[in-house]
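Once you scroll down, you'll see the structures, which are given as structure tokens.
You will see two complexes here that share subunit A, one where it goes with subunit B and one where it goes with subunit C.
The block that comes next holds the complex of A and B.
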């Protein structure tokens, strides 16, 4: 792998941990190197992070590009002088969002901008304020005024599903249609900036952040706290005990089943399989109970700490959970087989919203969306974390790229997860072994990356440690953020009646994208989206 | 074991709490706050803010906090949802002025380290005693 990196013109690698290497590049070479890494070497572009390094005694801004491949995670580091401009590589849509985010949050200057309006901040935020710069206090509230920055097009607009102010979160999916064919698509989200990264960098201590990280998403929160803890563990080189690894694996898989069952249930609801919807939701209820038995909470397990997990899991709890799980397993497997063989599912979703492999690569799609398009990228196999190297499982991959394959990927994955939980519960002796956490010493100015495979795809947390148990920088790249750009490719050319289904098929999570601390419950999630589709007639 | 079945509202035992503030500094959401008045320490728990993480129960040196099985709490105002514990401060042996530590902290210190000679004097009286020598 390192040879392939050399071919792309990279030199002087430094190892952060066994799998993470970092190297410095000059800003003007960046686009060329990224093109080579993604298009030629076949690596996956995870995200980029803008850091205001003035607090570290340097000048300007640093950008870290995170690129990952098999058993290797590459961190490209670029220093940008205050007046220098960074080029957006127009042929790589996967880089658009994070570069514009760096522009809005830390004040990076961009050449050939794709979005001229404020992108990850609400329109009313003043232009001069970059909330993640170090000279901006977290308690400051900028003066806002109502403006609309996103340019409106002259077409006649029909709002199909109006924005309902009852919801905290709001995003617009704007589709341009010609009779009933979708010809263009625009997305505007990020209306609600809560600054959770800023809170983590200023108000909270590093050992309190796992709780806030867990509240980024109401459905797959645990994966965020795992990714955060892994980031710190990689930065400080903490080796976590075996029992903690197994506990994390167990709970991550419980969460995956729970999340996939929710998505499958909602899919059934959308294609009018109401009885299966109810059955799947009932099954999901038992999965939530498993979390409750093991950790005391149905969601927000609150069990992760830096260096391991807390001593919550006892032998009685494991026994009780195993008993529940053996009942649940047969029921759940039967339901999933029923859904898989359903004619209705095939008829309603086959050939809808096709995303080709090439498009998935350049838009940086992750998780089930990528795996339905023939990319076998799964962090659990590529960069094993927790105890995934000790359990055996396979990664379902389909090549059609339509909504049907995304459903099949999720069904197969749920079955695999059931198998993994079985294996982990079988190792209950190792699971109970004490201690559950390792001690660590806090060291400043270390860089760390933590990645997990969330139910929706790869989840990235990036940290730079500061002094006194504080973080200097914390960046979260949640999976929906990486999956939304693929909608440009899969929506255009489709029929309008399928728009809802295609948008729902990436399992969009508003909390993921906006990084809000909002608990998103059951049904609300996808129905919310269907109400927010706006249609403009060409 | 920190909790029995589910993780509910933390309960503070007013007999055991000594107002050290370890729980308040660990709490990630600022639900636990410590206020000082002239002659006592007030520990306040805002149940509506609490996320049931049980960090406070882990941190407490005197095991004064336990996690109850009660999860939901109802009240008409924030005031009703607050749990308050008042810990009296220790008093100076010579003039009776309140000291910086609570009476229970001094007791505990005496219990834990029996041969320690704990002087319960306020700053002024300490100075007076030194000058008188």
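The block that comes next holds the complex of A and C.
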């Protein structure tokens, strides 16, 4: 693998841990190196991180590009002088978002900007406001009167749509159509931007951050707290005990089942399988109870600490969970088989929203979206963490790239997760072994990356440690962040009636309020879609 | 409660706003709806204000600066004034801002949002009867279901 990196012109590698190497590159050669790594060497672009390094005694901004492959994680480090501009590689859409985020939050200057509006922050915040710069007070609120900023072609757009409540997060999807074919697509998001990175860097100490990391997401929060702990463990080279690895694996898989069942239930709701929707939701309740038995909480398990887990899963709890699990397993497997063989599912989703393998590569898609398009990238296999190297499981991969394949990937994955939980519960003696956590010494100025395979795909946490048990920089890249750019490829050319289904098929983990603007480019007319969720008897 | 529809002839209208929640409370709300559905209760859940009056407002999450602009835009489009009978604030974040109470990207909880709304956007959101705070991170579906059931009893007797 290192040879392939050398072919792309990289030299002088330093190892952070066994799997992570870092090297410095000059800003002007970055685009070329990235093209080589992604298009020729077949590596996966994870994200990039902008860091204001003035607090570390240097000048300007540093950008870390994180690129990953089999058993290798590469950190490319670039120093950018305050007046220097970084080029956005237009042929690599996977880099757009993180570079624009760095522009908004740390004040990076960009050449060929793709989004001219403020990307992460409200448009009413002036350009000089860059909250992740070290001289910015985290409680400063420059809120003035809101400005109307979207869509970017307002002469065509007249009406805004009601949110569409299939229980995703709030964001604006603007779809430009010609009669009923989608010709262009625009996205405004980040309405959930709560400043979590700044809170983690300023107000909290590093050992308090797992608590807030879990609150990044209410569906797959545990995977975030694992990824964060792994980032710190990689930076400080902490080896975590066996029992902690197993506990993390167990809970991560419980969470995966819960998340996939929710997505599948919502899919059933969308394609009018109301009966299955309710059955899946009820089955999901049992999975939530399992989390509650194991940790005391239905959600937000609060069990992770740096260096392991808090030690309180008792043998009674494990036995109780195992009993519940054996009932749940049969019920859940039956439901999933029923869904898999459903004619309705096949008819409604086959051939819809196709994403080719090449498009998935350049947009940086991850998780079930990538695996439905024939990319076998799964962090659990590529860069094993927790106890994934001790359990056997397979990675379902389909090559069609449509919504149907994405559903099948998720169904198969849920079945695999059930199998993994079985294996881990079988090792319950090892689960109870002590100690549950390792001691560690805090060291400043260390860089660490933690990656997990969240239910929606690769989840990346990047940290730089600071003094006094504090973080200098904490960057979170959630999986949906990597999957949303693929919508440009899968939506355009599709029929308008499928727009909701395609957007839902990447399992956007935002929260619940979508707005759609449909602009008819042919006739200059705007149409409305109105939906209500009604909770009725089945 | 089984004869709810016969008695009322209407289904209670809920306006549901996610103002920046992490999804936790939203999914628990969905779980609560599934639970209520089993007892035969019906609701219309709206996520966009299109009428000047709703029975129940459900809000989750701290109010982020970004969603503040979206909600006030929604209120302006609905005529600048919105009345709700009951407001249910789900989760610690909606109640008081939670851990984000003083972050640069949020305005704190729902109460401070109401102040900002009056001051910055000159829009009005009036709660005519009660404001109900359900804390928890996330809230428990049972609590939400019980609260909604009680509100319905208060509204329709």
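We take it that the second predicted complex is superposed on the first by the 485 of 538 C-alpha atoms of A that agree within 3 Å, B and C clash if a C-alpha of one lies under 4 Å from a C-alpha of the other, contacts with A are read in each partner's own complex, and residues count from 1 in each chain.
The working rule: a contact is a pair of C-beta atoms (placed from the backbone, for glycine too) under 8 Å apart; a residue touches a chain by one contact, two chains touch by 3 or more.
Quantities reported herein were computed from a predicted structural model and do not represent experimental measurements.
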- For A:194, is the partner it touches subunit B (first), subunit C (second), both, or none of the two (neither)? second
- Query: Given the touch rule stated above, what does A:296 touch, subunit B (first), subunit C (second), both, or neither?
  - Reply: first
- Message: Which partner chains sit in contact with A:312 here, subunit B, subunit C, both or neither? Use first/second/both/neither.
- Response: first
- Task: Kindly classify A:446 by the partners it touches after superposition: subunit B alone (first), subunit C alone (second), both, or neither?
- Result: neither
- Query: When the two structures are overlaid on chain A, which partner does A:278 contact: first (subunit B), second (subunit C), both, or neither?
  - Reply: second
- Would you sort A:77 into first (subunit B), second (subunit C), both or neither based on which partner it touches? neither
- Task: Check the contacts made with subunit A and report whether subunit B or subunit C touches more of its residues.
- Result: C
- Look at A:212 in the shared chain and tell me whether it touches subunit B only, subunit C only, both, or neither; answer first, second, both or neither. both
- Where subunit A meets both subunit C and subunit B, residue numbers: 212, 215, 300
- Quick one: which bits of subunit A touch subunit B in the complex? Just the residue numbers, please. 204, 208, 211-212, 215, 292, 295-297, 300, 302, 310-312, 314
- Residues of subunit C defined as touching subunit A within the complex: 11, 16-18, 20-28, 30-31, 33-34, 36-37, 40-48, 50, 60-62, 64-70, 72-73, 77, 99-100, 102-107, 116, 120-121, 137-138, 140
- Task: Can you check the complex and tell me which residues of subunit B touch subunit A?
- Result: 1-3, 5-7, 26, 28-29, 51-55, 58, 67
- Task: Spell out the part of subunit A that touches subunit C in their complex, as residue ranges.
- Result: 121-125, 131, 136-148, 160-165, 167, 169-170, 190-196, 198-199, 212, 215-219, 221, 262, 278, 281-282, 284-285, 288, 298-300, 509-513, 515, 532-538
